[in-house]
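In what comes next, chain A is part of two complexes: it sits with chain B in the first one and with chain C in the second one.
Now for the complex of A and B:
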């Protein structure tokens, strides 16, 4: 498929790359600490390029499998997760990992379910919406807005919503040591976090084997082999059996004149894995870049003698929006949703909404100015990287959302916003990163996400069937 | 732009899902192809890049060959034969 690339696209590519380069060089000239933010920026840029090149959207993985029987994205995600796991284990065994496993319980599955429904409605997951925004997609921009506003509002829900908090959560939350600025007894999410989530066990596959996450054997045998490689092989075998085997068998019988044997099916399994080169290549680069980011960020923390970017921002004189314990959101790896909540939280704070009395903003993540928020630099650069790739391939196109798509975008974004706060992350933070690092809660979120995708596809099938029936009802022909 | 489906001539149909994002283009394409007869041709117009990969894979899996693929300034035109 030949695609003509307009000259103006090349100019825009130079403008975008030049803009980010200028930001990096200019801020470094002001102070060397800004290189920390630039590290986030350029990893975000790489993620954006990879995602757009491979059409890498977690939403499409199980949605396209259930809706149209296409397994390419499940394969891509498993490749990326495995590669990321290998690089993560390498980093973990050197003691330079920035990853912290999350508490595990059924909440991860429920959150994944809500998130999964939302990502089907919205037409893209949290990271997919970012890269599609870089393609000029107005619907995805609305999805990002919806995720951001929903999260920022959801984490500060108090008043009547306190009535929905179980007594045990409220009692447990009160036992947690918090500064007076944090009102832990006022807020559904506050009591959910401090009264329930924080009480749950933190489990990794390495620990299940009685090994340390930071040991070479624990990281590679526990977290990568047992936690990622084996489940990925099994998952892909199920996908091959249910969705790819029939086509392979038909083609094989047509060309060879007999039924395929086990060895032939192993070849078919491999053909499924390499069938979409773009997705596989994107998964390969994403996996490596994600592990490398952990290494680089931890290296910079050691160089500057800090544990969190909040300290750097304070040293630079940016005191506003720092949490009560002196931190800002600084995951040290790829993450999407919290920085989206933060920029709306920052705007809301400027408009007079006191949201620094909740745990999410006030105690953990802060709401720094988006212009100096490391994770925001990563997301903005991700959009930029995707735009550069889309422009280079002649695929950039401004698309305004229709009312129909705007409705689905806002609804899906709201579901994803709630799901990501309940899970403490989205398809990237709660699934991809955790799974790759051997965190059991990653697969739990993934399980819920698959269920949510199935429910979402069922609803969407019903909806599109109705739309098609309406469109065809007025035509005078027989199909 | 709303969903548009029309008959061009006998055995030739046009489905325009320009402006739609995932999963609309692939779902509408699948449902349309399911309703068409073997040997019929569908001209599919869309502008959602990620749908291109999914639709190509879907057509391969279902045994509906894509006769022609064109792309220009973010718009894709696929000619698909119902197998």
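Now for the complex of A and C:
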């Protein structure tokens, strides 16, 4: 049965798209350089549409798996990662990828663990919260606020927290060449980054085979086949064995009258994969869009003769909040959390909190005005794209958070904020993009995130059962 | 409603296509592989912009 979509939804869809189109055309009329920001905007818009269509949320995926044993979305996410890795390798083998692998060590697992607990508490991962905000979900809006504020505050923690910095980190951090504006010895995250993370090796699966990431063989054999395809096949086999096999066996025995053999289980495995059609279709388009974004951004950089959007902003006269090395956050691909930290960092800076003396803002990402921050354009458009999709399908609804849900949203968001800063990314930047590009640290973060999601589900179940028991105890039954 | 969704998709594709028009020519010039350095240099930064940031690279002792 088709749902009747109100006429006002159609109007809102056109208003949202019209607004983004007007921004793109208007800014382009002011200066050609603004097309760089529009590239972020329209890819963000496409991501939003895909995420909402596929219900692409890591928190929901692992909660469904661990709490009720439904693997559908986890399978969809694995397929999406696989499809994205193909487009990534295609772009990487042209030598035009904007992707840079991250340092790898145990920190990625620990960060993933913290992030995983947070996303279950919050009821949405970093990207899931964005698309749910586009559906009018107030809880998700609180999650975004919490992630943003936590990150911005966490990266500037100094004073007493310096006592928690190991001596080796502090010593190593001091050896890094930093301008005097960056107080590298004052700040836990500063010393964690410069004294520990930057000293860790950067490893991709292509490099493990002694191949270049930009070579055709390195990209497809190393990073896609060895780095994504094989692990994904194995993980899906584990998911099938633990969560789908039993149901398939029962159904098979009921219809065929005997136990399934190996060939039947292979068919069952394939059925599990194709049952995640909606998430997989979203994943396919996400993969294509992610690959195209890397290609377009690199092309625009070549066209304008820049390596970072900071140079373009300076040329346009927007020099507030540019980092000490003249850069702003400009990943060149899909990313979620850093731009969330930036807008709070920008507001705090305007209110008198000096954020430009830490490495995260002052040296690497900057805190440009959110109105001209490329990555912020991507996130705002992502919410808009999700809203358009939700309105078109009659799934948009304003939902105010209850006090209890607001508490979990703020707590979960804080965990995710800390986890994403420790990992230098979230479920998108630290897992989805890295894994698809053959970065070993992506799987490490993923491992921690799955463990964290499991712990989060257990804690959440314990809390819910305790609350229910309390409520039941308070009920008076007249028998 | 399906028509407006198609219109939305068409608009998004049109914008992305327009941006591809910017990205493809440099790619055709460079071709496959790591030949990015073969591209002509882009517009240089004006000196006065870099001067604004010079102080950030100086050590305290130099101030």
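Please note the rule applied: the second predicted complex is superposed on the first by the 464 of 479 C-alpha atoms of A that agree within 3 Å, B and C clash if a C-alpha of one lies under 4 Å from a C-alpha of the other, contacts with A are read in each partner's own complex, and residues count from 1 in each chain.
To be clear about the criterion, a contact is a pair of C-beta atoms (placed from the backbone, for glycine too) under 8 Å apart; a residue touches a chain by one contact, two chains touch by 3 or more.
All values reported here derive from a predicted model rather than from experimental measurement.
*Asks:* Do chain B and chain C fit side by side on chain A after the overlay, or clash?
*Replies:* Aligned through their shared chain, the two binders fit side by side on chain A.
*Asks:* Give one of first, second, both or neither to describe whether A:142 is in contact with chain B, with chain C, with both, or with none.
*Replies:* A:142 contacts neither chain B nor chain C.
*Asks:* Contacts for A:460 in the overlay, against chain B (first) and chain C (second): which applies, first, second, both or neither?
*Replies:* It touches chain B, and chain C stays clear.
*Asks:* Using the superposed model, determine the angle chain B, chain A, chain C defined by their C-alpha centres, to the nearest 10 degrees.
*Replies:* 140
*Asks:* Counting only touches as set out at the top, which of chain B and chain C does A:38 meet: first, second, both, neither?
*Replies:* Second partner only.
*Asks:* Who does A:75 touch here: chain B (first), chain C (second), both, or neither?
*Replies:* A:75 sits against neither chain B nor chain C.
*Asks:* Have a look at where A:299 lands relative to chain B and chain C in the superposition and call it first, second, both or neither.
*Replies:* After superposition on chain A, A:299 lies in contact with chain C alone.
*Asks:* Between chain B and chain C, whom does A:57 touch in the aligned arrangement: first, second, both, or neither?
*Replies:* In the superposition, A:57 contacts chain B only.
*Asks:* Of the partners chain B and chain C, which touch A:250 in the superposed model: first, second, both, neither?
*Replies:* first
*Asks:* If you stack the two complexes on chain A, which partner ends up touching A:24: first (chain B), second (chain C), both, or neither?
*Replies:* Second partner only.
*Asks:* After the two structures are laid over each other on chain A, how near do the C-alpha atoms of chain B and chain C get, in Å?
*Replies:* The answer is 15 Å, the least C-alpha separation in the overlay.
*Asks:* Looking at chain A, which of its residues have contacts with both chain B and chain C?
*Replies:* none
*Asks:* For chain C, which residues count as touching chain A in their complex?
*Replies:* 1-2, 4-5, 7-9, 11-12, 15-16, 18-20, 22-27, 30, 32-36, 39-43, 45-46, 49-50, 52-53, 55-60, 63
*Asks:* Can you tell me which positions in chain B touch chain A when the two form their complex?
*Replies:* 1-7, 19-24, 26-28, 30-32, 35-37, 47-50, 52-54, 57-58, 60-63, 69-75
*Asks:* Considering the complex alone, what residue numbers of chain A touch chain B?
*Replies:* So the residues of chain A touching chain B come out as 1-4, 6, 52, 55, 57, 59-60, 63-64, 67-72, 120, 123-124, 128, 132, 135-137, 139-140, 243-244, 247, 250, 275-276, 278-279, 390, 394-397, 399, 402, 404-405, 457, 460-461, 464-465, 467-468, 471-472, 475, 477, 479.
*Asks:* For the complex, which residues does chain A have touching chain C?
*Replies:* 5, 9-10, 13-14, 17, 21, 24, 35, 38-39, 42-43, 45-46, 49, 93-96, 179-181, 214, 292, 295-300, 302-306, 311, 314-315, 319, 322, 324, 326, 388-389, 392
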